[in-house]
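Two complexes come next, and they have one chain in common, subunit A, joined by subunit B in the first and subunit C in the second.
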Partner chain A sequence: MVGTSIFGCERMVDDPAGKNAEQMAKEHKEISVSEFFEKNRHLLGYDNPTRALITVVKEFVDNSLDACEEARILPRIWLEVKSTTSDRFRVMLKDNGPGMMDNRIPQTLGKLLVGSKFYKNLQSRGQQGLGTKGAVMYSQLTTGKPTSIVASTGNGKTSFYELMIDVKKNEPKIVSHQYIEDGRVWHGLKIEMEIEGRYVESKSGVGEFIKQVAIANPFAEIIFDGPSGRVEFQRGAMELPPLPKEIKPHPYGVELGIFRRMIQETSSRTVKSFFTNDFSRVGGISADEICKLAGVNPGVSPRSIDADNSEKLFKAMKNAKLLRPPTDCLSPLGEELILSGLKKEIKAEFFSSVTRPPSVYRGSPFQVEVGIAYGGELPQEGAVDIMRISNRVPLMYQAGDCAITKAVAGTDWKKYGFNQSGKNMPTGPGVVMVHFASTWVPYTSESKQAIASYNIIIKEIKLALQEAGRRMQKYVSGKRRFEMHQQRKKIFERYIPEVAESLGKLTKENQELIKAKLQKMAKEVTEVKLFESELEGDDIEEIVSDGEGDS
Partner chain B sequence: MRETTSKKLYQMGKEIVEQINEEKKPSMKIPVRSLSNIKWDETNKLLTLGDKKSKRHFFNVGHARKFMQTLLIASFCKDIVDENIHASIRDMYYNLKHSIGGSKENTFEEQAESDPLIVDIETALQTLREQLHLLADRKGVVVGNVVVEDRGDSINWSKLGSGGWSIPSVVEDIKFEKVDADFVLVIEKNAGFERLHEDKLWKKYNCILMGTGGQAARGTRRLIKRLSDEYKLPVYVLTDSDSYGWYIYSVIKSGSMALAHASDELGTPSARFIGLTISDIKDYKLEKSVIRANDRDLKRAKELLEYPWFHHKEWQQEIKLMLDKKIKAEIEALSSKGLKFLSDTYLPEKLERKEFLP
Partner chain C sequence: MVGTSIFGCERMVDDPAGKNAEQMAKEHKEISVSEFFEKNRHLLGYDNPTRALITVVKEFVDNSLDACEEARILPRIWLEVKSTTSDRFRVMLKDNGPGMMDNRIPQTLGKLLVGSKFYKNLQSRGQQGLGTKGAVMYSQLTTGKPTSIVASTGNGKTSFYELMIDVKKNEPKIVSHQYIEDGRVWHGLKIEMEIEGRYVESKSGVGEFIKQVAIANPFAEIIFDGPSGRVEFQRGAMELPPLPKEIKPHPYGVELGIFRRMIQETSSRTVKSFFTNDFSRVGGISADEICKLAGVNPGVSPRSIDADNSEKLFKAMKNAKLLRPPTDCLSPLGEELILSGLKKEIKAEFFSSVTRPPSVYRGSPFQVEVGIAYGGELPQEGAVDIMRISNRVPLMYQAGDCAITKAVAGTDWKKYGFNQSGKNMPTGPGVVMVHFASTWVPYTSESKQAIASYNIIIKEIKLALQEAGRRMQKYVSGKRRFEMHQQRKKIFERYIPEVAESLGKLTKENQELIKAKLQKMAKEVTEVKLFESELEGDDIEEIVSDGEGDS
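What follows is the complex of A and B.
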């Protein structure tokens, strides 16, 4: 097992809130990052007790799944959320992940912003809040209690920690620690803390979140033991999706602040090699061109670049003609995994899924996937359930601001079998899941619950929805045809006795015989696709102009 | 006659049973009664049905119900024809209405469903409602020097007091014992009929006076036809001077679009129009009694202009006059010249001058 521990690979660095916190920390040296958290917890998903509970659960689950995936382990997660007092909950997560090396545990969990390679461009879940460290902090703030960690990497030894964070120094505070051979050989991690929170059963509650996680990660087995009982989510697939590849940032997608930090922290010796080494799609010629445009000597050391020149380089970089970023770094779920996720958790009668080819917005590759479940036990009335998933993590809040919501409302669902009035959300027996996979998800705000509505993003989502919709429409019309067929059969069956009786009376022929013959014919007629031509509502009696027997 | 009708109904069923025996999906042919299949027969001066037929299939969701209903009606008619009893079309509707095989669906939901199917059978079998023993609405009265025998009773049309003889819906079996009249005068309005009856107009001019009470019922039209055919009596029709009145005249004369298949039996091409015309308004100085024609009147008048049976230049002139002046007049307008003006002046003058429209 390598030194990367599960929480060590947490991608808080990719996340603007983290960046924001960090930038602020730099600007105001007197405030530690931990203090910053304390003062700005509303930005980080801890603004109210309901939200805080869901954020903690989310951090735990995200980190577990990311760690398992990276270690190529099929995740098995046990999550417990139990109330201790009226406003406090004990949250415990245990996984079968790679575990964590003993000496890394305090730094990884007890110091905010540790190990930040902030410009790492990789599709991962950990773009939410400050990760588990934020949770440790929140627990400590609201209950004053330490977080307990039990972990092992499979070397026969188990670490036991009780950790807190020294807020002033931004250092881990070890309350207790043991590293012993307890006779068990296992790998994984168990983390447990008590927090202030509120548990609600709702569309944006913990239960729904876990269910959506189970759908978006069908290769994970999740047991959720919550305040209202235990729910088990079985695996729907036995294979992990391929590991996303890390790519260097593309110049078009980098912001000035990040660019300045990159140039300060790079290990490249010249400005030219900084561009070719630290960015994707920048070769020697392009690098020279950027420097020329900016009027900067490509041979100088990046450290010598002042604020003025870094801005010039930044602008030049944006204007340079470059190839789009590579898109093979993305790891979509794929149409099959989406289907298996939906099928195992939703009792519908029809499922379809679509994975779009990758696309690029502002230098960041992204890929959209859509899954639709239709009919079955889904409620006939009411709005279609929309599941917004970003890098396999369900988004629970701010649906109204999200590109996914806008794309769903902007799609003409009537064509595909849902009801819809104007540009409202569709209604009918359905669930629509949209997965947005990207190395950098453009959230609308720090709370990271809504994807920004770039035209290209809306367009891609719509295209995926339309394609899945068309597949659904085929099914729905087939179903309607079948129902019509059944109805037709019933009509004939119902009328046959009346017809036979009338014919019997008119002709004195054997009624029962006529009836039997008609019934046999009805069977053939409804089985053969003879009615295809009638499908278009052809109930107008055709006109035959033979003039026979007319005067 | 009864045997023929019964046989036609039997044939209709037999054809379908044969299709079934041959394992063909059963269907029936019904003449199309839409405007596109209604023709103007210039030689006979009658509206007739064209050759177009539509096929009604049992194994077609859109046709199945009508198919079933048509057969129900046919078998009902066969029953009553064989038993020699009559039923009104409403009787029939109630008699046939029942729920189907325990479902909520009824064989017929309303009479409007069964009525058109009767006409389908009439046209398909080239028979008449009366021959199917179905009674149409009865409407219309008659007085005159005529004696008829109806179901064994002898009825003298001149001895029926103020009411006159109410014309039955089926006049086929009525036997004329004595017909002493020079012509038939048909008046559209019941009130007008009573006025003329009170004035004993029919005695004065030795005519048969008939009131239709609006659009003439089938029995009334058939009676006019019989009197015209069997006694060669001229028929004169008196209606309001408007597009609706004129159409009532044209139905008596040439048949109607709804019953185009029966024009042969119901239309009296020799009938003539005695009044009122728009020209009468000027001729009889009725300007103060006219009514302004509304949009519907005018629209209907424009339609009349197009009908081939209104293509005589006299009619074109009258209709255009109406469209031009945008006026109409009721028969009662003549009462502005005195209550007896109609019987004492208007009609005698018209008859004297033979001032009829074709």
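What follows is the complex of A and C.
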């Protein structure tokens, strides 16, 4: 195995500046993960002051909503964003969540790559253990100030911390800490920091983000007190979606390296029980089959499996016929919640929503939902508004890179009633919301702003868009027919007086009577019973009149 | 400071599934950086088997070229990519670099976030300490096998390692190790691994990558033995570009948090010497000025500076008038090397290159270079080939997200001789190469495939493209005029025999003599001295005849 150099002995170029391997080795240093992300902060979403502000808000909101849902509390969130100097903002969020244990606050908020979501096979907003800690780091980087935290778990004690991160060590640095026992009973978290930022009212600004959060989380009450004033988002639903369940990894989504680690570290006593305990969808029969195919005795200890046999077991497992992963680890919004979210914030005349059955991407279950709002007060001209939502979090940046954008552009919208030139984004009076729910969203970067364009994902999104599009098309074409009939009715009615007069003269009948009869006829013939004839009863979609979205 | 809950006491929703803060805290775990990138391997470029193969090759090649340049060795690289099973490949690279110290090999190749480039303000291919280690991790993840390394520093001893990574700990795992003293003197590194991969011959495939490496590094000799056979890339230049120098951070590019850490950790004894020693471009006078502006005594110890004063010093530093950062930390290819790289691999008729003066992005110097090849054997139809190069590394993916692509699309190519519709990519017989050189390239992700679109960067790229474009335009318009004249000459010449005959009859002169005179006249009138009249002497550009690129 030890090779000889194919080049033989090489003379070094005679340059005194050249370094040898020893000199180079001395320069090798360990880099703390905090330092890495401090220097590469654009990877976490801190590219520029505008985006940094929205990233901080997003991390705060994600965190609160995740905690509330996990504690089964209907979220109430108070968010304040106020400028302090020309280029700095104070961001404060207060929630009614479960709070945080006093002794865990420093680690939870002051150390990167610590989290509860990373190892769970379960849909949640956070997944990496980088979010709020990244914000704490950005705050101290740009203002040099600590982040302050006030928290209580409902036990009558309140914790107060001022926290920073020791970047070189990736450890929390406690600037101050008090533990107050004043007997007041409350639970929740208040987090506050000052950052360098810029506030812009735009399609990717904080205001729009909060509005989309309110749409995608209609069970949350949100008060946003921003630089341009206070906005309150009321609840559109009084129930949380069902709590997703944690699942074991599915054999189809596991790679050889991970499989080896699992078999080495399992607490199961036999290979057979390793398969049935540590994976989802592997029963006793499948486990026996896998072992048989691999030529391994199912009763032996997993520790006794060598590299060769583990590869055989791995291959056999991949070839076994197994059910798809269970999908109760997912928590889609559902068609009702999508409608209630859209209707409470968007003034359109027609709403439709679709929840696709779950699908699987590399062993991870995912589910696509689509909501469409059409007409009403939505602007007739310009591009259709696309809202990209991932695990209930609105995505505001990197739209061009996102599977959702590609699926929208790749759908033929002319069929459904929007305008579209080529493979461009559709135009017309519409809002299209796509919700991607998964136990592991394949984001294109740590800042979690775009979903990677895997074929199966794009296909599922397109199917959902098409289904919602068809429902919209029925409404749009029904509406067009209705308008056409109205036009004909008008023309007919215009001639009624004249016709009535002529007929009256001819038949000597009362002209007014003839006119009344003709008008009744016009009404009966041209009126289209749009709603009953055009729409199927079991479609989840609703039409509201006059653009009122809060029926 | 300790606030009261704005919500007062909140009742928990009565759901037995809800978790409290204590239960949630128990689920918090530390995530090793290896585990993080194993699960998020698409961030390192391991999205799918095709891209994984090219990422491994890229990491190997980057590493070798960096090491050779640092040791001032003209690189010779032997790369083998061979399929082992239907979905696996063995990738082997051997170089004539400085090798690696035996005892440093495990840490250098078996632990993520260890590197020599992260803290250096210096242009290099690697910058993060993730590259080759990421490949080792991907190899073990997909094939379960260790990576083998053979290395010598030229001391007559050869090290052999089989390495894996303990992902949970982010530590190297030595599978086997031998230290061979056979007296053979050589230096270099051989690294070999098996991975899950797919080999595709395409515009973003391994073959094209290696070709572009050869163009951007014309001083390197590369032998690529791939699935479709062996290709050898000879050197086009016998000298390395000058070694870039490490520089101190420039005050304009430092943020408050980093500044604080610097002033806390400096070994300088006074605030004044801290400024002059630890930053570039701050002399004694500037240092005094900064201290005066901040109201801080320049003679006091940096340790005595509190938070308030450090912020004052920071602001004063940002407002000081300072020279731009020095640029000898950059190592552009230079116009000559760009030409030699393009000419040895591309069969065009016209070549042009431009190296812009350095510019500064957030305190980091950068420099843009452009090379254009035109005409010859390049296809007349279809999009112009865009080669994106960053610190001499070709970028093969995420073109749509890259500042280079945006700058190319945003340039008006019709002026310069390519076709272009709107803001689309230009079409015509051309290759446009853009080289971005910087001490810190703002990549959009860890896989380092696209440069973030900062305005100053796009502007500099456009300026370079325009300059190279103008040079091309002179050639193209000169060529068109020349072709037009040739056409006229041909028409004139066609009539010469007839005219000569008629004139001969009229004047009784010798017809052959008249014909010769007319032909001489045609030649003199229509011949355009293209090269002298059209091109300025000091432009770095060369015209080769008949599409021969190796003049």
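Quick note on the criterion: the second predicted complex is superposed on the first by the 388 of 551 C-alpha atoms of A that agree within 3 Å, B and C clash if a C-alpha of one lies under 4 Å from a C-alpha of the other, contacts with A are read in each partner's own complex, and residues count from 1 in each chain.
One rule holds in what follows: a contact is a pair of C-beta atoms (placed from the backbone, for glycine too) under 8 Å apart; a residue touches a chain by one contact, two chains touch by 3 or more.
Quantities reported herein were computed from a predicted structural model and do not represent experimental measurements.
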Touched partner set for A:A452, first subunit B, second subunit C, both or neither: second
Contacts of A:R76 with subunit B and subunit C, given as first, second, both or neither: second
Subunit B versus subunit C as contact partner of A:M521, first or second or both or neither: first
Partner chain in contact with A:D47 - subunit B first, subunit C second, else both or neither: second
First, second, both or neither for A:I491, with subunit B first and subunit C second: first
Touched partner set for A:I338, first subunit B, second subunit C, both or neither: neither
Subunit B versus subunit C as contact partner of A:S502, first or second or both or neither: first
Broader residue contact with subunit A after superposition on the shared chain, subunit B or subunit C: C
Subunit A positions touched by subunit B in one structure and by subunit C in the second: none
Residues on subunit B engaged by subunit A in the complex (per definition of touch): 9-10, 12-14, 16-17, 20-21, 23, 25-26, 29-32, 49-56, 58-65, 67-68, 71-72, 74-75, 78-79, 100-101, 103, 105, 107, 126
Subunit C to subunit A touching residues, read off their complex: 1-10, 12-13, 15, 17-22, 24-25, 27-33, 35-36, 38-40, 42-43, 47, 67, 70-74, 76, 78, 94, 96, 98-101, 104, 107-108, 111, 113-116, 118-120, 128-129, 137, 140-144, 148, 150, 152-154, 158, 160, 167-168, 178, 180, 184-188, 190, 240, 243, 255-258, 260-261, 307, 310-311, 314, 398, 400-401, 440, 442, 444-446, 452
Parts of subunit A lying in touch with subunit B, wherever the complex brings them together: 484, 487-488, 491-495, 497-499, 501-503, 505-507, 509, 514, 517-518, 521-522, 525, 530-531, 534, 537-551
